[in-house]
Each structure stands twice: as C-alpha cells, then as structure tokens.
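Letters are used for the chains, namely A, B, C and D, taken in the order the chains are written, and counting of residues starts over at 1 for each.
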Amino acid sequence: MPMRRYIKIDEKKVKKAHAVNYVEAVLTLDDWPQVKGYDFEKGLDFQHYLDSLFSTGFQATELAKAIDIVRQMRKTKAVIFLGYTSNMVSCGVREVIAYLVKHKLVDVLVTTAGGVEEDIIKALKPFVIGNYDAPGGALRDKGINRTGNTFIPNDRYLYFERLMMPFLERMLALQKQHGRAMASREFVHELGKTVKDEHSILYWATRNDIPLFCPALTDGSIGDMVYFFKQQHPEFLLDITDDIVEITNLAINAKRTGIIALGGSLPKHMIANANLFRDGADYAIYLTTAMEYEGSNAGANIQEAMSWGNRPDAPNAKVVGDASITFPLLVAGGFVDRQQQTPKQKSKARKGTKGKRTDVKYNS
Amino acid sequence: MPMRRYIKIDEKKVKKAHAVNYVEAVLTLDDWPQVKGYDFEKGLDFQHYLDSLFSTGFQATELAKAIDIVRQMRKTKAVIFLGYTSNMVSCGVREVIAYLVKHKLVDVLVTTAGGVEEDIIKALKPFVIGNYDAPGGALRDKGINRTGNTFIPNDRYLYFERLMMPFLERMLALQKQHGRAMASREFVHELGKTVKDEHSILYWATRNDIPLFCPALTDGSIGDMVYFFKQQHPEFLLDITDDIVEITNLAINAKRTGIIALGGSLPKHMIANANLFRDGADYAIYLTTAMEYEGSNAGANIQEAMSWGNRPDAPNAKVVGDASITFPLLVAGGFVDRQQQTPKQKSKARKGTKGKRTDVKYNS
Amino acid sequence: MPMRRYIKIDEKKVKKAHAVNYVEAVLTLDDWPQVKGYDFEKGLDFQHYLDSLFSTGFQATELAKAIDIVRQMRKTKAVIFLGYTSNMVSCGVREVIAYLVKHKLVDVLVTTAGGVEEDIIKALKPFVIGNYDAPGGALRDKGINRTGNTFIPNDRYLYFERLMMPFLERMLALQKQHGRAMASREFVHELGKTVKDEHSILYWATRNDIPLFCPALTDGSIGDMVYFFKQQHPEFLLDITDDIVEITNLAINAKRTGIIALGGSLPKHMIANANLFRDGADYAIYLTTAMEYEGSNAGANIQEAMSWGNRPDAPNAKVVGDASITFPLLVAGGFVDRQQQTPKQKSKARKGTKGKRTDVKYNS
Amino acid sequence: MPMRRYIKIDEKKVKKAHAVNYVEAVLTLDDWPQVKGYDFEKGLDFQHYLDSLFSTGFQATELAKAIDIVRQMRKTKAVIFLGYTSNMVSCGVREVIAYLVKHKLVDVLVTTAGGVEEDIIKALKPFVIGNYDAPGGALRDKGINRTGNTFIPNDRYLYFERLMMPFLERMLALQKQHGRAMASREFVHELGKTVKDEHSILYWATRNDIPLFCPALTDGSIGDMVYFFKQQHPEFLLDITDDIVEITNLAINAKRTGIIALGGSLPKHMIANANLFRDGADYAIYLTTAMEYEGSNAGANIQEAMSWGNRPDAPNAKVVGDASITFPLLVAGGFVDRQQQTPKQKSKARKGTKGKRTDVKYNS
C-alpha cells in the first residue's frame, strides 16, 4: 500500500491551521431571531404554520417576508398591481386570484392571452388533473391538451369558439359605433360580462371595475379566433397604445404602489415598467422559478430591479418556488384578515411570535 | 407602409387550418378530478389547504400525491428510510425531522456530515435568521458563517470543538476496548447521548434506537476535529463497510419499504441503492430542486429510478421546490394523525374530498 | 458499542438479493453510439468539438441533436421561425442573430419589446460587461442599469429617446397618410431603416425584408416614449390583429417550417401557436433554462408541445442551458457551411463521425 | 366602451415622470469592455469562439472568467484540486478529466463512488447514447440502466463484478499483510492498476501518482460488492479518517491552491473544506446547475463561500450550466497550451483581444 504516506506536515502549520479555523466570532448575534421549524407537538394549526415560516429559513423565510410585505401594502393602502402568467390560471391559483379580485384586495391586473382565455374556458367547463408523463402523441390522438400535469380536452376550446365568434361580432360593432379601436382592457372588460362563473377572475374584474391589462391579447386562442374572424372582417383592430397610457397613469397617480408578480414574461415586466415612472414601487413581491444567471427579466433579482429604478429602501421579496404551492400561502398569510379566523385561532395568534418579526431589519 | 401585405392565402387552406385547430375531443374526461384551488371563503383552515393541494395542479398536486403516499406507507407499516442533506438541518426542517424521530414515525435515517454536526451545534446554541445578500467578506470579518439566509456565528463552532475533543477521546477508548473500528452509525449513536436538546434529531435517534447512517462523516467540521485529533492519535479509525452491510440488511429484511429523500447527494443515493437489493422500494418520495437534464442522481426522475430497479408499480412522487416550505406540509398532511386535530377539524375532514383522491390512478 | 449488531440475515435472502442485483441484460446495445468526450490529444479543433457533442451525453448530446435538426431544416428548405427574448439582444447573441438575418438563414423573427429597442440602442452605443453582484442602489445613483452581468448606462436611453421622438412623429404621419393603424412588424420595419449598424438585427431584417414581429411592442422603453407622445397625440395607435393574420398565413403557406426558440415568453408561444394551424412545425428546437414542473409555456417539454398539436414524428430538441453559450454553438454547427472552413478543416470533417450520427434514431 | 377613460393626469406629474425616467448617467463607462458576440463572418474558429465568450455576457462571460482563472492557476503553479460528481464520469467529461490527469494538469482528485466505478466499468465496456424519455419499466425489462440520456446495459455490471470480487480478495490480503484498514485513496490507487484503458481517469491517476479521494466509496456498486464480500469476510474494513488527514495536509502544505468543482455533493464540499485550513483557496471555479436559494452547499454562491473563509480577493467564478457542454470549453480555453495549436491559430491568437481581458477587474 504505497499510497499510505502522510505528507510531512510541520507542527506549526497545523497550529496555524487550527487558529485559522477556530477564530473567535466578533458578533455572536445572540438576540437575532433563531432558526426554528414548525412545532408539530401543537398538531395542525394553519396560523402556526404561517408564523413558523419566518424562522424556518431559506425560501420559507422569504415567503414570510412576502407575507409581511403584503400586510404592509394593505396597511398603507397601496395600489396593488398583480401580474400573473397563464399557467397560474391553468392551475387552481385562478380561484385564489378570483377571490382577491372579488374582495377588491388587488387593484390592477396584468396577464397574458392564456391568462384571459383559460379563465373563460374554465367558466364553461373545468380543466382536470392529469399527469406530467402522458405521451404527447397519445394525448393528441384523444384530443387532449396538456399543461404541466393538467389536461384540457379539446371540447373546451370548441365551447370557447362558440362563445367568441359572436362576441367578436359585438366587439366589431362597438368599434364601429365608437369609431375607434379597442384596447385590451376594454376587450377583457366586455368579455367578463359574458361570464357566469363566480370563481372567474374576469367575472369579478368586470363587476368590480378592476382593470385587467393583456397587451399581447392575440397570442393564443383568442388570436386564433381573430385570425378566422379577420378573413371576413379585416377592419377589426385591437390597439396596444391606449393600455400603456392607462397603466402608466395608474402608477403615477397612486400615492403608494405594490407589485405582486407571479412568474415572469410580460405581466411582470409591464407592471415593473409602469412603476418606474414613479421612481419604483413602494413594495415588491416576486414569486418565481426563474434565476438571474441568464439575464432574463423573469429571473432578475431585486438588486437588478433597483438598478433600473426600483427603490432600494422599498421592502421586497423574491420567493423561489412553484406558485401553485406558495401563492395560496401568501394569500392566507397576507390577505386573510384575522377576523375571518375562529376566536380560538385569534387568541393563539395574539400570543404568537408575529410581533417580533417586524423588528427584524430586512437587509436582503 | 410597404410591409402591409397579407400573404395571399387560399380559402381552402384557411378551412383546413380551422379543422386542424378545432378537432373534436375523443375523450372529454368529464369525471376526472377538476382543477380547483383553495376556497378562501372558508377562511384559514389547514386541513382545507392540504386537501386543496391535489386539485390545485402542478407541484401542489405532486405534493398531495406525496402526502397520500406517506399515508399508504404508514398504513402498510412500511419501513421508512428518510434521507436528508445538511441544509435541511441548517434550517427549521431539523425540528420537523426530530418530531418524526421522537414519535418513531421513520425507521432509518441517512444524512451527510453537516446533517450530523449542525444538529449537535444547534443543541449547543441556535443558528439565526440572516439574509442571502450579506457580503461574504464582511461576514468573515465578523466571524459569521452563512448558509443561504441563515447565519452561524463562529462561537457555535468553538462550543462544538469543546464538546468533540473529549468525545473523540472516548471514542478512541471504545475502539481500543472493543478492538475494532467504529461505523458511522455507532459514532452518531454515541454522539446522540451527549445531547440534551429535545429538538435534536440525534437526541431522539439515540433514545429510540433508530439507526442514523452518515458514511461521509469526516466531510465537515467533525472531519476537521478528526484531523487535529489524529495528530496525536493516528490509530483512530472510522469504518464505512459495516454501515453498508447494516443498511442493506435493513432493506432486504423489511416486508415493505418506503423512501423519503430531501435533496440529493449521498443520502438519496444510499437509500435508493440499499433498496435495489429488494427490487426497489414499495414507495418513494423525492423532495428536490434538482432537474434530470444534467444526468445527476440528485435530479434523476422516477422513470430513471425505475430503470435502475425501482418498481414501476410502486407509488412515487417527485415534488420540486425548497423543502423548507414543502416538507413541513408533507408531514402535516401525511404524518399528523387526525386524532391530533380538534373535533371540528375532524368532522370537516370526514366530509372532505380526501376519499375521492385515492380513486385516481396516478399514472405519472 | 451496542449498535454493532447486524440484523440477522437469512443466507437465502442474500442470494436472492444478489440475483436481483445482477440480472443478465436482455439487450447489450453493442452497436449503439458510445459515450465518449472530446479528445484533447487532437488540440484545439472547433469541428471536433462540435462533432464530439453528440457522444458526450446529457445536454451536449441534446445540443448535437439540435445542430443536426438545423441542418435538416436547411436541407429541406423549411421556413425557419426564430423567436428570442430580450436578454438575447442584451448579450452578444444579438450579433449572432444579426448574422443569420444578414445571410437570410432565418425567415421569420419574433421578439419582445426589449428585443427591438436594445438592438437599436446598441446601434447607437454599446452595452458593457459588468458583473452580477454590483449593489443595485449604487448603480442607480450612477445612472447605470443592469441586466444580468451587463451594464447599460442611462445615456444610451437618452440617445434612444432623441431617435424615437421624431420617429414617432413620422409614424403618426404614415398612419394618417394611409388611414390605418400600424402593425408591430411595420413599425419595426420602419425603425430598421434608421439603423446604420451592420451588427444590428433590425438593420438586416429591414434590408432583407424579413418580417420581425413584436406584438407587445409597448412593453418597454418604446412604450414609455409612446406614453409621452400620446400626451400630445392621443390619436396614435398600434394594432396587434394584423400581425396575427400575417404570421399565421406564413405558417400555413409554408411547405415546411422549423422553430428555433431562445427562451420562453411571447416569442416562443407565438411561433408555436402559429404553427398549430399547420398541424405543428416540421422541426422544433428550444434553447431554454425553464423547466416543465411549474406548467409554464416557457418550460414546456416536447411531449407537452405534442399534446397541443406539434407532430410527434417531427424532429425536435430541448437544450437546457444559457443560450449565451449554447446558441453560438448551435449556429456554428448548424448554420455555418463547410465551405466557410479552411481546406484542412474540411478534410478532417469528412473523416469525422458526423455521418454515423444520422443513423441514430432519436426516440426522445 | 365604458373602460375608455384615461385617469386624469396632471401635466406636472407627467413631466416629473419624464425627469425620473430620463436621468443623465453619472458614469457612461465608455472605456469598459463592450458586449459583443462571436463574429461568424470569420467562419469556424475555436480560438475566436473562446475569445468571444468574455464579451458575450451572462454565463458566457462567467465561463471566460473561469478560463482566465485556470490560466492564472497554472501560471502561479497552484496545486489544483478537481472535484467531480459521478455523472461527469457517466458522460464524456470522463475522457476530458483523464486527459488532465494524464498530463498532470491537476493535482488532487475527489469524487463519489459512482465516479470511481463508472470509470472502471467504461474501461471494460462503454456506455451508449440513449435518450431521456425511455419508459423506466421497459428499460428495466431489458436490463438497461439509464443515467440522463445515457444507457448502461447490465452486462457492464456483471463484468465489473467479475473484476471486483478477486480484487476485494487482494485488498483484504493487503489489509492483513499491513495490519491496518485501507483508506479510499489507497483502494482507488490499487484499483487503477487493474485498468488497461488509456481513456480512464484511474489509469492515469495511479500511473502519475495523483491522489484520488473517494470517502463515500461504498455508496454504489462497490458497496454492493463489499456487502456480498463481507458475508464471508466480515473483517474487511475501509477507513475514512486517513483521507481527511492527507487531503488537509495537501491543502495546508501547498504554496497556492486552486479549486475546480464540477457539481456539488461531497466532492465540492470536501475540497472547499480542506482549503479552509489554509484560509481559503487562492482560486476557485464552480461549474454547477444548483442555485443558492435552497441553502445547499451545491448551490452556494461565491459570497457564501467567503463567509466560510474563502478569501474575498481570490479570483473565482461560478458558471451555471451543464458541464457536459461547459467543462470541455473550460479545458480548451484554460488548459490547452497555444503550442498545441497550429501556427496559423497562434498568430491569430496573438492579435486577439485576449490581452485586454486581464485588465478588467472582476469585481463579481
């Protein structure tokens, strides 16, 4: 066994190595909040789970910070801009967003074409839980579309077409009547009137007059309909300049603003861009799975956002993880008032560690 | 505006395109479980949150499947192998694991060196919540080590050294007394005896005689101590062959086995490898952030695991996301018995949609 | 050392475990292509590097497949749709795209607002290499915007404004002259006429009459200008319905089509959507960092694309990795003709293993 | 169309918004290196590709920095510690590492069990290129194991067993002869003697007496063999304390050290830990796909490493991406001497932009 030889090592070097490794801490941070997880001896308690997030570390802590920021947004009556990509509507986050819109807990919405049309389609007939691994060719043969592990059989799109073709006729009539092209938020507003489903985002956006922007409205099934519709009606138009004026004015005019972006793409960018006109939002929360290393806007971190004009002193949080899990938790912690809790829950919460949390200076 | 020309398009082609886009669905999946999110009109209800995961889609659904699999593991009295990387102990997942070990809800543990030593260090003095963005040089100057957004001031390592040096003396004495080198699980078992903290994993592993394997035991601070200790005591040894016999026997002898792996690295691999001796585990759950595209074991998906011998018919789930958020939810849904709930929670749960879920065939 | 006990194990069980572990392979795949990396004994040879990708495994193999697909696209004269997010223009991929457009190697372009405006801004003054870690507040104080590790001092945006304000006046004049709102590709076509920089994508798109679609044209700095411009000229419009007709017609009319998408967002989705009208593209290549677990279109895998109508038999590849590294390699391998090589390189290539590659059936 | 109303906006507010958006840049960074991609007008030129990485931005720039750091390591004769996870050996990176070991371009190796055994198995019979999507159950039925998109039919493991069982007998004889348990690097050293394949890492490590550490040696197929072997020979041992002494001494004794870690897990951690004894390595390069948000060592960024004692002034780079693509490029740029180039290539290189690069201060 010729390899068994220790490199000769000087005893002084070993001592030095020891000194290097065991330096005294200048700061011992004795009064900082301790890392500590959920205490399951308490059984199942949602408020305890939410309260335990902050002290759990890693993304749990970031989620707790985001919850705290939502509470600050609401306390200071910030105008809340909520952006979400279409997959958020494909999954059950749709109903959570609809709840926020119904109760006027958010003020401005931005989404992509899929975020509009899937909300409508679900109002006609639901999507179902499938799986990630189904072979694409086999699904296609059965007329089933897949988004992640959700399945959307094609009949949903046929129902949607039946709704849309007469709707486009009406929109063209409106265009002619008013002598001008519509903006996306007007189109979406009208579309919301057709919905009967109380779990729909558009249903509540229209009823509560909450603007929903979707500048790339033609990038999806609505665009497909527009394609066929324009074969007969080439004069039909949709304008994107009007929306940019409105969303910018909304940002400039607000006393305070907060951003909540689920995913990247247009919704995140458009909201952030509008808020640059007011020197950045007062609060910002990003729920994402995208990373900063590739230079995308989707993955941009908070420091990058600051360089573009977001305020360094504005509370902000980036929570990495699938929003199908994290967004309902954000809403549970940030938007659900304690009044909605049972008396027992409330008394527990009062004794909780929540109060201490605000003392922590978030320097991240 | 010379660009404004439509490519001339044949009407027949347009019709064909329409036919292609609006094919009738062969299957409409009318009785499949619908995609539907948490209903916040119900206020804060942890059981409702857990029950809503399945129908929410994406990783929420995968987490719900994982919860269901944990319940199956427990129902069939499977021997549960829990593997976890050291960051799980750095964060508050430590206390959740300790809870499982205390109540004998898991049967075999595998971790890395950090997973052992940080559990001990925390028993001496807690880690604290810091942030991700603190400059590394500034932290070093203050004697503060950072793991993600947790801070570990260096005094913790000094306390640890004080504990370990006499402990190593004792271990060497044991080695001499028994005339053989120790295995990692024996070392860890002895180490657990030194702990007074009831939130410690080792505390309960030792008391409940649950084997904790850590074959790469020297890869961390314990290794540092061993380095200095061997300057005086070169005869001190740690053997890794004995552990492999024991963990393999545990897998072969069990009637049924289940895998829960938090993160990748050695813990995930060692558990999976041991279960190959029995033609694969009966159940497998992976909580991870690693992806399969790079060919790593950490990111390997379920299909890859099958090719190595895991049983294709064995229920399994891969949940992508930071386990600081997902693991406490897995435990809440899978390991906490309804008896621990309040009577009101139980009656709700009975009426819940939980029962239907098991009818769904998980073909993913 | 009380832990040292082997669980008693039956010898038969050990034998069975051995049998389970060492099953004979039914297939030994002796004539399949072997995994083998670059042979550095050959020194630095770009063609050898590109040829070695296929046999290297993991994403290298996927990149090799993508290169092969590009060659098939070109051989069959497929109409190539290239989509790219704005970060591709922020970084040096811009010049690589410009090369393709200059030489008419791609036929249809789709990008986001940033993908248009950063191309113009760079024609006025370049971006510079910075770093990821610069504090956002400090950069803001100096008037420096950061995208990943690139820096864009604000003077670039001032130059851009000086260009755009008179340009918008001209576009409004055109709108009035023709009595109709412009489409994004017309706006971009006109914008390309203002560019003098031969490394610009728009410069060549305009000169070579290659349509560049940017339906969300107002989502960025151009939108900011439009905001201010509309204060005086509220009658200015931009239409998004015309583009959808044109890109769909381009897809329907083509004999064969190929997709190359860099990143996700609108560019990837719009191209894929247009190709659904022809029952899917004939070839598809995705260069991305997004994953499928979150159900986003950005991360959708090939099987998901098939369920939406992309043809299962169409050659396709998904290469995971930052396109700043992978796209130039894709172009080097797929778009650069061997004629452009030196004679020595050509003779080497002829002897290379390239030929064998096409024999492999890509069943992924 | 009731939504068409602009919020009334004060003209002063618009002006202020304009001022906010178009601030003068304090710094215009006119002499910083410009973002600029590969110039394909030059045809295929590997050196130009490597040189263009720095100015391309994003991860291309990080890779260029890593290349530059390798050159610095070599210039200052740093002892280079190369760590790699087993997937690097599954894929064609194996041959690239073997090249470095053959030419003594690296000095210390650390890997996992798979990193040892797959190198040996490939020396017996190669792995083949398969695909990611093959169903796991079908592969298992054919006796084919899958790692990412590489396939390893089971006959390879049978050949490996035939090699290992007599080898273990010999190792036991050596153990008895010397009266002490072996360390992993000794075991691996002996194993290397059995290899005939000049593309093998172990072949060259043994011949060139380059220590290869693999402390978790039993975590894989070698462990399986050890399990069966110990049924007859329970006295066989493998010690992990000796390795920790040796690798620490190697780090302490070196005048300068450099780290190159491919992937995370034990190899990265063990190398970094050893270098803490000398107050951190002088150079560090991480090629990884893991991210910092989950607090894992695999994903830890450079700032985190500094907090644990790595020197803030030490040049370092983290390149995100699959090393099957990036590592051969790192070797091509950093380890291949210009002497190995053709005269034409050399003269080009001299005129290249390489020289300027070193003037850039890497503050990331």
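Simple rule for what comes next: a residue touches a chain if its C-beta (ideal position, glycine included) is under 8 Å from a C-beta of that chain, and two chains touch if they have at least 3 such contacts.
Every value quoted in this text rests on a predicted model; they were computed, and no experiment measured them.
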Starting at subunit A, figure out the least number of steps needed to reach subunit C through touching chains.
1
Which neighbours does subunit A have in common with subunit B?
C, D
Tell me which chain's centre, taken as the mean of its C-alpha atoms, is farthest from subunit A.
D
The distance between the C-alpha centres of subunit C and subunit D, rounded to whole Å, is 26
Please tell me the distance, in whole Å, between the geometric centres of subunit A and subunit D computed from their C-alpha atoms.
35
Please work out the Cα centroid separation of subunit B and subunit D, and write it as a whole number of Å.
25
Give the residues of subunit A touching no fewer than two other chains, as numbers and ranges.
14, 21, 57-59, 62, 87, 90-91, 132-134, 144, 148-150, 224, 242, 245, 248, 276-277, 291, 293-295, 303, 309, 320, 322, 324
Would you pull the subunit D residues touching subunit B in the complex into a rising list?
85-87, 90-91, 112, 114, 132-137, 139-140, 144-150, 181, 215-220, 223-224, 226-227, 230, 234, 236-245, 248, 263-266, 269-270, 273, 276-277, 289-300, 302-310, 312, 322-324
The subunit C residues in contact with subunit B across the complex are 1-4, 6-7, 9, 13-14, 17, 20-21, 57-59, 62, 174, 178, 180, 182-183, 185-186, 189-190, 211, 242, 245-246, 248-250, 252-253, 276-279, 291, 293-295, 309, 320
Note: in the complex, subunit D contacts subunit C through residues 11, 14, 18, 21-29, 32-41, 43-47, 49, 52-63, 87, 90-96, 99, 122, 126-134, 141-144, 148-151, 153-155, 157-158, 161, 199, 224, 228, 231, 303, 320-322, 324-326, 328-329, 331-332, 335-336, 340-342, 345, 360, 362-364
